[in-house]
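Letters are used for the chains, namely A, B, C, D, E and F, taken in the order the chains are written, and counting of residues starts over at 1 for each.
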């Protein structure tokens, strides 16, 4: 399901017996329940859904995925000459 | 105490076991509890205070009182000549 | 309104005034007991038209004014509760308690409602059974039958969410207390007509006798008041001290027996503190034990609340007729209807307020 | 937001699209299970950029859409009560029940509040102990841990005025039901990434095996979706039917064990009716008997309510992927987000609404 | 009239059907204030048809209007009356007439009105539609154009039915100069007709005070009457419409702003029997009760007859009468001569009018 | 910024003391709306000093203003924003800037404002005083005079804090003619700066959704920027301030009023990171979020550079940018090109913006 977003834990604390975190989502800060990820440390990224951190975001894995995509991009660039790229852009604009 | 006003009973009826009346106060109609004056009949005048008829208004007596006042008026008129009346009005206006 | 307009007739008023002027030779201090009469006297400028020999002293007859501070504070406490709908007659809303007034409580979210009759409050209780409806049952003998009936009906109809915060006061003990005061200047009383419509006139002859004062049962329209004054002055000039009924159209000697019976059943006599005056023995009614279930003080456990008056205000002396409002330093300065220091400035029935609102022109010109 | 923006990069999207175009030779029908994925596909126009050989079928993955009519009607019934504060996620407010929606109940005086988290509702219950606070606990496996925790905390903290109206649904039984349908056209699934963040991936290999379909766990950003599609297509082209994880940064194979333990404690599996689809065996969670005290259906005695769908709307077929929204006669005519006939038009996650809101330009030009 | 019959209800909602095809919303919901499609629909399907001929073709965010020759008059008022419909009118008429009258009181010819609604969610569309129709009818009658508008919706419990704000623009004819500062001892105080009527009509259907009465609100647009009066050439010093606070508040304002005294003769006050009786019952002063179709004018003594005659010739001034005069004594203070010949100071009312207790 | 710290509170009420010597009323009570002494006191002791130099000497029922040369512009809006104070502003600034902007959008120079308050009893005087001060400051900054006003008080539970209506009068310079009907294919669509800022600032302190953010409302008066733009002589076809409903509602209105299509390039949209992130968290579309200090202008293609350069030179237009163009295709419909090169139809928002469930 959707609307779970990654944020960086900036603070971990207890509140009425529950582990809570301050999470920074770029321009936005929100209080989040850490009960399901009690081992998270400040600086780590978590996936947050309706006020709960439901999973750790594995930065290594994220970087790997992006690197794979970039390799595909380079592959594609190599396949297509510059003319084809321009033609493609024009086609796109005309949609 | 004040703000008890005379009104004419236009209708008498029962409501959840209590005698009620519609009372006409000249330009205004109001529902009034008749529990304290159960023998009142339509057409009679009552003194109404915070929704209750607290007393019958004795029309005979009212008329007598007014008649007495009028007799005093006539008496006064006779005592004072017209000049005195004018002077009195002027004095009044100047207060 | 028929039987009101006729009793405001200017020509007849003039005739009565002439009679009064003619009759008056001495210096007489009369007290109208009822705030409604005070209001009417000032509203119509009657006091200005009287001979110099007659001084009207305003009595403690406004139930808004004399309701004790502690009771107001209890009302505020109850009205503050979220489950309560607090119903009251209109001008009780501006009476200051120790700190707030009902308007302030309302502005803070209290459900405070103005009703015309205690029966309206009872109907609200029936319509909103999940709320607690409290009616502020103040007043003299005129109003007490209405409040008694509301409680009686609540019990009869099983309206368990209705209760009454009771602070009734009684006229005859007040007259007695005034006359017992060492500084008392009152020489004659206009008794409150509508109180007598309910209670009849039998309580007054002993007082007239004991204190050697004429007591004239008086109505509220200009002619009624003038006639009450006239008869009192005539008695004084003739050295009599009798009870007379100058309001016979609304006051039979026996009062209203049905209402008296109900009062007997629902209320019992109690000592009562009058705001600005102090405690007067056996001068009030509270709910009788038979109706204790409907007592808001018990239901909301506010019996403990007790509070004292502020020091500056001289409303006690005003209420006892010892001073007139303008003799109070604060009158029209620190104390105005907009910002009342004492209860007598709050209610439009109150002597200070009546003086302020309809104060004499010469007062303005001097001021 | 870091780890969001990077996965929207246009150049990388182009690269992935090129790979997809290159890989696709056959005609493939893929289903994204999750409404969030549907939203993202349409929002970014991804479906337009895919090769003609790939058809995206929108799955029953919006919890707003599939919440059964009877549960909505129960919610409306509860929200109507004067003592209740009814808390819900935002877009549940516009979902029509048999007659009204929560917005209408609110406009009639119901205290309906939008919250971001069930913990916000719990806090309201603590702040307003004299009210009854009910949270509308809908959602897939992603949301269930939050709702479970709210109930768990309510019990732990003794918040007796909090309860949950539960209607959770589960993804794997839905995939099974779709595949069991005789008219099923789906050849590959994008599994919902965040459901797997909680539950892990272990439920999918048996399904992939039994129905011989590739299942690729997929995220929500454009690159995630393109990668999920790419991997599914590659499997189909190669004749494979495996479970792959294209969202490894947020989905470990084991999911979230702490959350799963809590779900185990608070909920139990139940048969569940999906709006527009019908009953799917063992496809939902309800409160376990241990938490029956916190069940709003019991607390407010609405278990009896049962209501049937209207006839015109084809959202059932839409939800099963049998038709696309524009194939419904009512789409964009009688049925718009402004005036939705079916749940799939109500939520912005719903397939019909997503199609309407971001509908293709050619659709506009044809219309 | 049967006194036992409580009023209210007498209003006829039958004839109206909601023009908005809002399947789910026979009542206003939050979305109608969101600035999106529902807001637009409300304007197009409810306000524009409700206003009818009185509306400009588009009720946009701002209107561009032709140049106006002369001084501008500008006024605003919000209307929060409860109940929204009362004997003789509704919040819709009030909202038009009240602002038209504030313009008229500075001598202006009213030209344009803005209308801005704050509606509580849950308000029946049908009621809102009736209000819009009342606004349209009143504007048409007053000859003002409704040129720009706004609608907001607030939470249930954050508002109560419909509040309306109108602002008005008018033009003040050359030579017209109305100001309290122009009041002089000897000037006469005129009231254009019966006082206290509107307030009593509204009170008669207010919760907890209901009483039966045949009184109807006097709500009316007074600019026509004002134009006639100004056309006499008589020296009108100042005019006011005695709305909230009644004649009492108005005269106190004038006395205080002019630094003169005012003497009022209570025997000359046009108080209808119903108003006097209702006030008697509730312990209110008719002089403090609101009016919505009356004006108070202070006129130079020598021009009084002329002005009065002209007023009486106008349907809205038929019962106009002199009620007092301006004096040099007691500056800032209003004194009333009472029925039996006494005098009293008539103070500015304080806050709310409260029914007296006893 | 600590994400755990909820916002609100950051506002400073310390510096203000209530100028009204109201012993019993640190809060507004019903009497303040009664039209009597308490109402007058409120105007004299709170509004007039709060407005300061921006107020006309008397805030009477109606103002008489000097003649205005040229076409009039007239606009109204009510402001019901909750909370009343939010990062970067208050209901007071909004009430001035919003109406000034509606006037500016028709090309007018704003001159006069009316202010009408509906206050719930119980509202702290101190808050009302701060609002009045904010109104005064904003009016002074915008160069408009506050010339007439009104105050009503409503029951607790019938209102919520303070609602403000402002109406504004301005003058439209000769030759200025802004209308959606003048839009032509090829015209460029410009937005004057970052979008979604005001809406996010207010949402960040809305009950149930609170989040920490450094975003502040962009509330500002735009008539100066508009004047500069008009002074370029470039052919500006139409302008709008994308308030409620956001840029999405505005472009849909323009497309539908003009009968042209609009194509928007999402890659060109100036959406600040904080706005994008807050919208991401709540599932909202930045294009539907309200702005209070931005304008959308449609400009003839050949004049676009000139207009844009002028905008960018103005402090309130420094981040102005072209975001799309007018097309002959799909009349009445707004189409957005998405970040990865797809397209979607951008529909008119319906009602309330609702945070998405999941």
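Keep in mind that, in the parts below, a contact is a pair of C-beta atoms (placed from the backbone, for glycine too) under 8 Å apart; a residue touches a chain by one contact, two chains touch by 3 or more.
Remember, it's a predicted structure, so these values are computed and weren't measured experimentally.
Asker: Going by the touch criterion stated earlier, list every chain that contacts chain A and also contacts chain F.
Answerer: Where chain A and chain F share a partner, that partner set is D.
Asker: In terms of CA centroid distance, which chain is the most far removed from chain D?
Answerer: B
Asker: Compare the CA centroid of chain A with every other chain's and tell me the farthest one.
Answerer: The most remote chain is B.
Asker: Out of every possible chain pairing, which has the most C-beta contacts?
Answerer: Top-ranked chain pair by contact count is E-F.
Asker: Rounded to a multiple of 5, how large is the rotation, in degrees, that superposes the C-alpha trace of chain E on chain F?
Answerer: Copies differ by a rotation of 180 degrees.
Asker: Take the average of all CA coordinates in chain A, do the same for chain B, and state the distance between these two points in whole angstrom.
Answerer: Distance between chain centres, rounded to whole Å: 86 Å.
Asker: Between chain B and chain E, what's the gap in Å when you average each chain's C-alpha atoms?
Answerer: Chain centres of chain B and chain E, defined by C-alpha means, are spaced 34 Å apart.
Asker: Indicate the whole-number Å distance between the mean C-alpha point of chain A and the mean C-alpha point of chain C.
Answerer: The separation of the two C-alpha centroids amounts to 76 Å.
Asker: By the touch rule stated above, which residues of chain B touch at least two different other chains?
Answerer: Expected reply: 1-3, 5, 7, 25-26, 49-50, 95.
Asker: Which positions in chain D are in touch with at least two other chains?
Answerer: In chain D, residues 1, 4, 14, 35-36, 48, 63, 89, 116, 120, 139-140, 142-143, 338, 349, 361 touch at least two other chains, as defined above.
Asker: Of all residues in chain E, which are in touch with two or more distinct other chains?
Answerer: Those would be 29-31, 37-38, 155, 157, 273, 276-277, 280, 283, 341, 343, 350-351, 356-358.
Asker: Looking at the complex, which residues from chain E come into contact with chain F?
Answerer: 29-40, 61-80, 82, 102-103, 105-106, 108, 112, 114-118, 147-150, 152, 154-155, 157-160, 163, 165, 167-169, 172, 240, 243-245, 249, 253, 288, 290, 348-353
Asker: Where on chain E is chain B touching in the complex?
Answerer: Those in contact with chain B are residues 1-6, 204, 211-215, 272-278, 280-281, 283, 341, 343, 356-358.
Asker: So in the complex, the part of chain C that touches chain B is made up of which residues?
Answerer: 1-4, 6-7, 9, 11-12, 14-16, 18-19, 34-37, 39-40, 48, 61, 63, 89, 116-120, 139-143, 145-146, 149, 153, 156-157, 192, 194-195, 197-198, 220, 223, 227, 248-252, 255-256, 258-259, 262, 349, 361
Asker: Can you tell me which positions in chain C touch chain F when the two form their complex?
Answerer: Contact set of chain C toward chain F: 96, 100-101, 103-104, 106-110, 338-339.
Asker: Which of the residues in chain F end up touching chain C in this complex?
Answerer: Of all residues in chain F, those touching chain C are 21-25, 27-31, 37-38, 121-122, 155-157.
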